[in-house]
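Should a chain be cited, it is by its letter among A, B, C and D, assigned in written order, with residues numbered from 1 in that chain.
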Amino acid sequence: MSWTLNEVSKHKTSESCWVIIKNKVYDVTSFLNEHPGGAAIILKYAGRDATAVYEPIHPADALEKHLPKSKHLGPVNTEAAGALEAAVRNRKKTKDEVRMEEAHKYKPKLSHILSLRDMEDVAKRVLPHKAYAYYSSSTEDTISKGENARAFARFFFKARVMRPVNQCDPATTILGFKSSIPVFVSGAAMAKLAHPDGELNITRGCAAQGIIQMVSSNASYSYADIAQAMAPEQTLFFQLYKHKDDAIALQRIREIETLGYKAIFLTVDAVVPSKREFDIRAPWYLEDLERGAPSPFLEEQADSLQGTSFGTAGGLIVNDDRDMTWEKTIPWLRSVTKLPIVIKGIQCVEDAILAAKAGVDGILISNHGGRQLDYSFPPLEVLYRLRKGHPEVFKHMEVYIDGGITRGTDVLKAICLGATAVGLGRAYLYAQGAYGVGGVKRITHILETEIVTAMRLMGASRIEDLTPELVERVDWQPEVKARL
Amino acid sequence: MSWTLNEVSKHKTSESCWVIIKNKVYDVTSFLNEHPGGAAIILKYAGRDATAVYEPIHPADALEKHLPKSKHLGPVNTEAAGALEAAVRNRKKTKDEVRMEEAHKYKPKLSHILSLRDMEDVAKRVLPHKAYAYYSSSTEDTISKGENARAFARFFFKARVMRPVNQCDPATTILGFKSSIPVFVSGAAMAKLAHPDGELNITRGCAAQGIIQMVSSNASYSYADIAQAMAPEQTLFFQLYKHKDDAIALQRIREIETLGYKAIFLTVDAVVPSKREFDIRAPWYLEDLERGAPSPFLEEQADSLQGTSFGTAGGLIVNDDRDMTWEKTIPWLRSVTKLPIVIKGIQCVEDAILAAKAGVDGILISNHGGRQLDYSFPPLEVLYRLRKGHPEVFKHMEVYIDGGITRGTDVLKAICLGATAVGLGRAYLYAQGAYGVGGVKRITHILETEIVTAMRLMGASRIEDLTPELVERVDWQPEVKARL
Amino acid sequence: MSWTLNEVSKHKTSESCWVIIKNKVYDVTSFLNEHPGGAAIILKYAGRDATAVYEPIHPADALEKHLPKSKHLGPVNTEAAGALEAAVRNRKKTKDEVRMEEAHKYKPKLSHILSLRDMEDVAKRVLPHKAYAYYSSSTEDTISKGENARAFARFFFKARVMRPVNQCDPATTILGFKSSIPVFVSGAAMAKLAHPDGELNITRGCAAQGIIQMVSSNASYSYADIAQAMAPEQTLFFQLYKHKDDAIALQRIREIETLGYKAIFLTVDAVVPSKREFDIRAPWYLEDLERGAPSPFLEEQADSLQGTSFGTAGGLIVNDDRDMTWEKTIPWLRSVTKLPIVIKGIQCVEDAILAAKAGVDGILISNHGGRQLDYSFPPLEVLYRLRKGHPEVFKHMEVYIDGGITRGTDVLKAICLGATAVGLGRAYLYAQGAYGVGGVKRITHILETEIVTAMRLMGASRIEDLTPELVERVDWQPEVKARL
Amino acid sequence: MSWTLNEVSKHKTSESCWVIIKNKVYDVTSFLNEHPGGAAIILKYAGRDATAVYEPIHPADALEKHLPKSKHLGPVNTEAAGALEAAVRNRKKTKDEVRMEEAHKYKPKLSHILSLRDMEDVAKRVLPHKAYAYYSSSTEDTISKGENARAFARFFFKARVMRPVNQCDPATTILGFKSSIPVFVSGAAMAKLAHPDGELNITRGCAAQGIIQMVSSNASYSYADIAQAMAPEQTLFFQLYKHKDDAIALQRIREIETLGYKAIFLTVDAVVPSKREFDIRAPWYLEDLERGAPSPFLEEQADSLQGTSFGTAGGLIVNDDRDMTWEKTIPWLRSVTKLPIVIKGIQCVEDAILAAKAGVDGILISNHGGRQLDYSFPPLEVLYRLRKGHPEVFKHMEVYIDGGITRGTDVLKAICLGATAVGLGRAYLYAQGAYGVGGVKRITHILETEIVTAMRLMGASRIEDLTPELVERVDWQPEVKARL
């Protein structure tokens, strides 16, 4: 059986809520309260076609996984399909879309992108506002995001000369897996917001450049689709947001084990959503943009932040485990999987030591790119303190950092201070959004070139040559206007 | 008997000075020299209706309290009342009023206010210039105001992970009185300048959100009116400016005891008025605005600052006690009241220790929001030094700070360093001015949300979990363009 | 006998060079090579009336002193006098003069000047460009000028409360002479550039406010004229630039002794002129301004800075003693005068100690307001180091500082750190230029008000209460955008 | 025999590649792969006249040296010569040339250039964009370039007074050769890009001012031409980029020995090209400028930085020795020449000590003006650490620094900290480009004047008086807006 638009349109309340996705009708009434993004956003499209807003932020298998088959009500009829198609075709472009089209015309050639900052500059101009807001935003006063980057500027090189560097090899291994440079893609979600191929762009670009991708639990392609896109010998890691229900968490682990993911990065710095104000404001901004003026003021009875989703990503973690502990969670995880376990989101020396004691395989020192707790310590500073005060920790597990990295020299500073590798997230979201797979390859190539050049100029020909003696933390804050 | 405008207008000198307030005539001749704001401002309205300038800065009972009944000369006659009403009705709007009306049209919805800074931004646009100038101004080079805030940026969190935080409770007590979050409203005067309900907005908003209001001696509503607005179980504290005449001071204490105020915050950092230049300039600015150009230069014989009132608030403290001492004042205060005593305006570690020795119940480390001595130490730095050097002090009394707080994370830094609670003043003046009671509730709710979120992300589920180990003072100054 | 313009005009070379000053003819041929400002500037006016450029920078007795009577050739004739007067009368205003006239119309009332910075802002607008350039300029990159001021921002107050401050007296003595506040006017030359009454404005204003003026060797009024302007009981000090010829130097000392000057401040930080680029550029700027465009480029054979005068003041010190020593100069000075001797221009702790050993009565720690050696240490920092490391020095002599002071709190910081008083130079030049004697009184009154208010807010009621414990040097650099 | 343009135009591929330079035809086919700048740039002009792009960056003897005589095919014929001349004559000016012509009209008189910064400002306006981009650019985030200069701002003078300074002599010797001031011209290549006389301007200016020029291996005049331009008694040093083939390197050394160069500065900080983004972008900028708009975006298949030349200078060092060591290279160099050997490009204390142990005659602490490894330590900071920790090193060899110097006071800070002399590169490129030999003389004269003035104001009359006690590193970062 197939549905008319009129029939569907009757089901537009929380008592009976239907939506159309890609010409198929779904009864999502019982799912309203389980939706990570909240019921309100679904009800906004109740009784209507929701394809345009659904697609950029959901993996293709989302409804399959989360909605019982009995609620798949079947297709709309031919007339309805035609009407929906016509509606899409005739839709007037939004002002944001018009802006993007214009911006794309003067996008630089990829070969003219010389640095990761160039890439971000282009992304800022050509990406949908909503995507750029979600990718770039950070918490409240954006201090940690800024200081993550500024921290690198306090470390200078004591370059050595008169050392043979004609042969120079930046390759390394991460958890035993080969990487052409000591860089991986840190968990980066919602890539489809900026490009239809989304996370697949990153997978393909990583394959071409020989680096490892960590796939987010909140990827906008399914874990299976991404695994499907892997090249032979390619390595994927998995960023786990642990569900509060162990059984559901286990199901997710089994799925990614089966798909061939090689390690689990357990996220521990995002147990609740944070307030990323630029992201929260994005829809208001777009509304005002369409209107061509700020909203006129209308009195209202609003006294709570409770109702807001805390932005695009806020809802994604409402079901996450907020009561994880070293004593309970790590042993459980060890007991259910043989994959290497890395704790993602260590923010101080004390927890790094606890992680080593807990026997994990690695830690990713990270404050979520400044997207969670504002004023969390810059990862490079935590790494520096850890290396200086507790060098033995580095013998028991691998240590990574992410946050604020934009140059090959940034990577090398972290490696000198004991990191095995560093992660970049936003840079890859910008790159795939602006240029697809080509962008991903380009920025990886830029990093590799910067790394090799700087290694040679420091007198280092192998990763092993990168030692703490080559860097010094200075007591002044260099001016880095362009960085932040 | 009732008066004609003509009769009143004859009394316009310091020999015989009458004014009309709300259609009633008062002989204020003998009061001219006692007026805290100086005689000049009264004489400007001598023989005329002064209601418009009187109302926004005086409690309703001001004339009752300060002027003997014999000087209440009775009402104007009907014709006069009509003329005055017509004058008000026909008055041309000032340019500042026109600006405000326009600004109100595009004031954001309250739900779009995401931070205390958003609230200040709106207040700056929609408040009368005079109110904004009085609220926002600080002394001379505004260094202390700025550094109060910048100090918070030097403290970073060493967030802990893998701790259960699903249950998280930010409630605490202040002097034994419950508070939903470790925040109170610090003494904030002249609220009527920006909103007709003035301090009552704050009282009602605090009731709704479960926090405590400290009422200023210089409130523009009477202590009784404010007490009247209290909800059951609500707590009010009183900010005492001690009169130089102990008897008058005692009278004020008895009044607020009777009205149910629960503690006395004795102000010690404002024994003389300071030079708040932005505030002093406000009337000149408004004059130039009306004229549409800067005043042309006319030679004059002016050689003294003595004659200026040092701004809106200057005159309020001319009768305050400038000779308070630890030896004399505290024992006296103890002897006349059983209310808890807190010293408001401690600015260094040495005085914090003296206060503990004097046996007071608490101290509020404060430099009056940078409104008194410029270059007074930032309160957070004083707290940090006190906690580090003299942890025992915190066992003998409660310690609070105010000044420069704009975020939940700011609150938590102070609590980690030993404060029981923190005060905010300006933020509440802005909020009530811009949105009335709704504004007060909104910013309290924002603070609560920020506090709970940050506590969870730091691994803290109760106020007791907030310890000095969770913060570290860094040796670089983060960039906080947006804060100041 | 009297001269025609035609006759005078024949003497326009270095072989025979006559000029007309105030309708009198002088033969300055033999003086050309002795002119402190160089021969070139005189030759530019050879054979012509030079009154307009001569007057603003020379004391009335300059020609009397420096030119033998035989070279005073007598007056021009009546016709010539008339022609010269007509030339002055008909002279077209320069663009700079037009600008000044317009600026004067909107000069604020003196009572609206709230701070020394306000005064400087007005001066910048209403003074002749040449005067403002000479007063405000400093050496090369203007680092010392800026850092002199920024240094104050690193010292915060640890204000004390609960101390009796109703009575508060900021009076002190300098070298035994009374001063209403611990402030004096530091040597400030060429005041006539900005106001016809020049240094006399300062003398009269100091009398009114009860502070001491140090008169520069390069004052544009004669020492006698200034002494003449003194009020009874008024104190003047003398800033001595020692001539390389001891006999001439002695003559100058005898003159000022006779006139009643009370102390000698021997300048030691200006043995050669420095490069004050803003000042040097002032005439070029004015030429371009008249022309309405930058000069077109013409090839030239110029390869030397030797020929430039190093700006307005450069030439003044060509005859100064460049070979002064502790061993020779101080004993000589002691042997020729009984006046107290102060060394002006001490720039490091080591020389402060040498000065104490040399038995002088005081030192003025100063880098000439940043006008001599750029990157010379900020005086406040030198004072701080001296007080901390060598407190005994303060028992043997008085210590003063100047440079960078704009607020009463700046004064108090220096006094807390051991200074007897502080000097201000530029501020008084700006004030007298913008408002004459009224300006001088106004800024002194502002300083007094700021000092008394801050003393009370710090818990100090007398100068003796100002001790090092009340200030602390902080390890961060406060933001002081407005100061510099 | 002579060639027609048509005949030449047939040879435009990598199989047979001819070019015309100054009306002569060359077969460069076999040279394509040896061209330091890469084959691509030659092929762009294959079969055509390449004079205009060849001349500004190649010494006149480049083809003589590098191309066998058999490949010199002889002149074009008369008609061709006429056509080429006409083409040059009729060529439409580029927008960059038009801009330069206009800028030259309002170039300041040389006597109005007061500082090295003035000179740079003029150069920025009047030089070809490509020249300015090459001269001014530095690596990636330009941190080292900026911090090289900012480091000087952290060193202040503790000036001494009361010392005889009338006689003041800034002369010194470098490796035993006289220098009028402790300043030399550091290796500065490609001077012809900005002025037809290129490096010869510098040679002639140095002769006039009595300072030493270090000639770059990459000079755009031949070493012989430059030697030819020497005045009697003039000293030239040679900056050696060592070829990877020792025999070729030796040939170059023999050549410059014969020509009379007096020392070898072996460059060790530039074994590979770096990424100077402003320089790389220069040709793209010029293309967009001609077009009057940014390039429209065209999809392309570009995935590599490999193909780019890394800017103007990139290709120059492809044949350099990347495997130099202390053990091998220094002894070899010592064995082949008697000239003094200086290592140019020492970037840390450890290597300074190794250099002393290797027995070289001097080191130039340098990070190539921030043009090689970004975040390499500022040379002044390395010098400071070396002087403080290892004063004995200065007894064994001479120590120089370059990078960030713009003032005589900068020079003196380095000399106080133990340097024998300092080098400047960019400043001389700007000066010769903007004003030819006059510019070179002017900035040297400015430096001398600044040095002598500052020495006197510091109490120093000879270079020997400049000791570490006269400077102090401060713990705050002065504001130097104008410097960077």
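Convention: a residue touches a chain if its C-beta (ideal position, glycine included) is under 8 Å from a C-beta of that chain, and two chains touch if they have at least 3 such contacts.
Owing to the predicted nature of the structure, the values given are computational and were not obtained by experimental measurement.
> On C-alpha atoms alone, could you tell me the rotation angle mapping chain B onto chain C? Nearest 5 degrees is fine.
90
> Check the residue numbers that chain C and chain D use where they touch, and answer same if over half are used by both copies, otherwise different.
At the contact between chain C and chain D, which are copies of one sequence, the residues are largely different (under half shared).
> Express in whole angstrom the distance between the two chain centres, defined as the mean CA positions of chain A and chain B.
Taking the average C-alpha coordinate of chain A and of chain B, the gap between them is 44 Å.
> How far is the middle of chain B from the middle of chain D, if each middle is the mean of its Cα atoms, in Å?
It comes to 63 Å between the two C-alpha centres.
> Could you tell me which residues belong to chain C and also touch two or more other chains?
475, 477
> Building nodes from the protein chains and edges from chain pairs that touch, which of line, ring, star, complete or other describes the result?
Contact pattern: a closed ring, each chain touching exactly two others.
> Applying the document's contact rule, which stretches of chain B touch chain C when the two form their complex?
Residues in contact with chain C: 140-143, 146-147, 150, 154, 268-269, 271-275, 277, 280-281, 284, 293-298, 300-308, 322-326, 329, 343, 345-351, 354, 367, 372-377, 381, 475, 477, 484.
> What residues of chain D sit close enough to touch chain C in their complex?
Interface residues on the chain D side: 104-112, 114-115, 153, 155-166, 208, 407, 409, 413, 438, 441-442, 445-446, 449-450, 453-454, 456-458, 469, 472, 474-480, 482-483.
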